[in-house]
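The block underneath contains the structure these notes are about, expressed in structure tokens.
Residue numbering begins at 1 within each chain, and the chains themselves are lettered A, B, C and D in the order written.
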Amino acid sequence: MPATRHVLTLSCPNRPGIVAAVSTFLFEAGANIAEAQQFDDAETTRFFARIVFDHPRGAPDEAALRAGLAPIAERFAMRWALRDLADKPRVMLLVSKFDHCLADILYRWRIGELPMVPSAIVSNHPRETFAHLDFADIPFHHLPVTKQTKLEQEAAIWALVQETQSELVILARYMQVLSDGLAAKLAGRCINIHHSFLPGFKGARPYHQAHARGVKLIGATAHYVTADLDEGPIIEQDVERVTHRDSPDDLVRNGRDIERRVLSRALRWVLESRVILNGSKTVVFS
Amino acid sequence: MPATRHVLTLSCPNRPGIVAAVSTFLFEAGANIAEAQQFDDAETTRFFARIVFDHPRGAPDEAALRAGLAPIAERFAMRWALRDLADKPRVMLLVSKFDHCLADILYRWRIGELPMVPSAIVSNHPRETFAHLDFADIPFHHLPVTKQTKLEQEAAIWALVQETQSELVILARYMQVLSDGLAAKLAGRCINIHHSFLPGFKGARPYHQAHARGVKLIGATAHYVTADLDEGPIIEQDVERVTHRDSPDDLVRNGRDIERRVLSRALRWVLESRVILNGSKTVVFS
Amino acid sequence: MPATRHVLTLSCPNRPGIVAAVSTFLFEAGANIAEAQQFDDAETTRFFARIVFDHPRGAPDEAALRAGLAPIAERFAMRWALRDLADKPRVMLLVSKFDHCLADILYRWRIGELPMVPSAIVSNHPRETFAHLDFADIPFHHLPVTKQTKLEQEAAIWALVQETQSELVILARYMQVLSDGLAAKLAGRCINIHHSFLPGFKGARPYHQAHARGVKLIGATAHYVTADLDEGPIIEQDVERVTHRDSPDDLVRNGRDIERRVLSRALRWVLESRVILNGSKTVVFS
Amino acid sequence: MPATRHVLTLSCPNRPGIVAAVSTFLFEAGANIAEAQQFDDAETTRFFARIVFDHPRGAPDEAALRAGLAPIAERFAMRWALRDLADKPRVMLLVSKFDHCLADILYRWRIGELPMVPSAIVSNHPRETFAHLDFADIPFHHLPVTKQTKLEQEAAIWALVQETQSELVILARYMQVLSDGLAAKLAGRCINIHHSFLPGFKGARPYHQAHARGVKLIGATAHYVTADLDEGPIIEQDVERVTHRDSPDDLVRNGRDIERRVLSRALRWVLESRVILNGSKTVVFS
């Protein structure tokens, strides 16, 4: 009988006995820990852990595991989540005109790099914009937006999130700023790729800002979306070297490569339950 | 009463219950886990862990901890080590003419980056070679070597290792190949910096080899010394970009930077008990 | 009247007066130098230059430029090439089962990053293998290969190169080793992506070799194809950090990212006439 | 008769004929160009070049070269500089308490990596602070500073710059902000290392700011000092990866490595006349 593999993520105030309690429970439940990482934040005295474990299929079932973990979680005041790693999260993808991140995510999904179910692709640009991309069976929704229709469009997005039961929303170079209301509704499950090495060059046209400042490296940042634009918890960043020879267009080209690899890494880590929020920061068990 | 901090490293065949047994023991002994990492090697089915824990000074003392851990270690057939992190390893430094790694290690030791006690500096070149370096109270030994005197010199080195009770020997650009005999004696506690990105450019003059091959990146490798030259378990590697403009001398200059940061990282990790041997490879809990 | 932009690349034995002769000719021909790089190889005493210049459309025309440059080239014993940058090279793409490099090249070509005309896509696997890729109007040729039919297949490839007037052949993870004969015919215009940081891990299954050796960085290498497998002049290399946690599959996944960015960079540089052969090495005016 | 080697740097409005004029002059003067790079800034339509050339010792002498270049420079409205590469710039080093950059610069100078003459070491901390550093014959000046004595101290620094005929002033982690007056006096010849990846984390305690923001990479920036704090033209930047595990102290340690390599690279490039100011940016012919 093959094994099932679960991942348990948790955070709680740090005090002695957490690991002993959880690992003893898992051992007694017949589980074998395959991977475990933990982190104690000395500043906030908060404890974080990610535990991947295997157990014989069906015994105990997930409900039994949850029932056994609940009193431990309560004792230590944990925020926790248990997931069967075979259950792939449903992910909605938002995109505007530039589709390099979307194309990259779809390619990686297709070859099995990203364990997810794309629930919908939403754009303020029509389907023709992405004529060369194979969307397979993923529903596409054209939700154009003007100053006048922004709220209606956001309402439509939110309705789609609910209808499609999307657990995650990816702004894959979606060039519309979410309203505070929608950002709040999507708190902790909406990821944006910003095309600069934050906190440098917030706001519009970051590559042109970077060129004007004469920096010698440019970067990109994947972060959780919050009401505070470009201030959300950072999941991943990366950079590339540039020189005085590089025009703003060269930075944009170079930046596309950074953006797509930063966003896809962040997305994969979230899909594998490797990222835990820690106030305005993240713990990433990569 | 202030706490003491210990680090426990262990490896053993993987089977259920290891984490539960160790963490329960530590909890019952009054210890609080501050940091823990583990790794299951799917290939060898071997389990590795590094656990840092605090406990009130003196209760239980280290002997009691060891006594308590011993039966658990035996049950799981563990190789294990327990260290008070306040006990700094004694480290012997070997160097030839090029002293950039030595200078770097001494500087980092002086400002507190490397928790060690330098037990001796040994060179086949005389003290004047290092005239500009402040060796403080570290004893210096000039052990010149010729083809004829190689064995005597190695015997002298080995005698010094024992006399100085050195737990670690660092070949900080020591340009003499250790004999199989000495390599065997120092197995698992002698680290070399090789000035190439292994396994490329083994042997002599690797930067000249790299220049001749026209590579676009050069590197350095810190590894445990084994009888098989340049084949020991790798602890750390890094690279830098080079171009067709770079002469062999430019590679050498560039390489010095890579060597010293790779060696000092590897050394710090070993001093902090972050590196565990895994056959011909290493597990590095960085 | 808009300007045309040409690129002149040249190499010759180094002696005084080369830059003066060429730049004076270009100035008198009414051209304006937009970009220039040069390199003197101290080892071989050979001189290399790449000069991009603009001149009013039609005056002088390219034939006049060539006629004017010819005697200078003869005087200095130059190997030289003059190209109108608006003339895009015709490029044949060869691929086996893994299509991440092919998909990436097609995407970049489509959005204008790669100034080329794809002349044909050739694979030893059938069209269905690439069902999700939009090949637009690029002709696809299925040329299956067995030990028995290898020579016939190579003859067919060579015939296609000639028919399609392909100036460049890209082995975009084409897993067949070219025969010495075909390698010789394609000398200087065939580029391969090898999935290791050469000269480490030549030959088959380099990621598995890298995993077995326990390296801390993996890489990829784009190089000109020569009869000597994995020994051709290197155009570009890059690496990524890996850890003991990474399985061979993780290295393969990570490696896909390195391969595609290394190959696309090398290809772009070749398309922009930035790469000049220098014996078994390359000069890259990036 | 051995050759002398000069470097000519120049910038001027771009128009046809610059390279032809300069290279023809050099050729006729018997010089052989060993290295040349140029850059046309499409935005400002300004042209930049760095030309290294050899000529037989004494014929023509430097005065003759200058006399010959002067009318060409005037014709094209050049800003230009000609230097015998054997003439090493005099460099004053300023430092506060943290001496990792100073120690690194002195080490590199000693082994010949930095072609300069250290003219003085100046600190607001006493000589004992640097007890372990060998200052050789370099004069040390203790210029303590308080709010009350800041202007006097700056006057003393300026007097020292003049007395010592220092062409370059390096703020090697000198933690005093220069007044606008002194910054103006040192315009174009004073380089600071800022311990963040500018423009992120300007001002005080950048590593603590970086830790609070939860960035995944930290960096350092070498830049020319201007009256606008942390806004001067950037010469070089670099970064290192950090994780949630890294405390502010870990960032500081990691940062020391970045700072010293960024500053020493920038310094070497300036000493080799590879850096030309371009408004608020730099051209770096690395």
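We take it that contacts are C-beta pairs under 8 Å (C-beta built on N, C-alpha and C of every residue); 3 or more make two chains touch, one makes a residue touch a chain.
Protein identities per chain, from UniProt: A, B, C, D = Formyltetrahydrofolate deformylase.
Small disclaimer: the values here were computed from a predicted structure and weren't measured.
Interface comparison, A-D versus A-B: the higher count of C-beta contacts falls to A-D. Averaging C-alpha coordinates per chain and comparing to chain A, the farthest chain turns out to be D.
Chain centres here are Cα averages; for chain A and chain D they lie 42 Å apart. Centre-to-centre separation between chain A and chain B, using Cα means, comes to 37 Å. Along chain C, residues 39 each make contact with two or more other chains.
Taken chain by chain, the contacts link every pair, so each chain touches all the others. Within the complex formed with chain C, the residues of chain D that make contact are 14-20, 23-24, 26-28, 30-40, 241. Across the interface of their complex, chain C is touched by residues 100, 103, 107, 110-111, 113, 132-134, 136, 253, 257, 261 of chain A. Against chain C, the residues of chain B that register as touching in their complex are 39, 41-43, 197-201, 213-217, 219, 233-239, 243-245, 247, 278, 280-284, 286.
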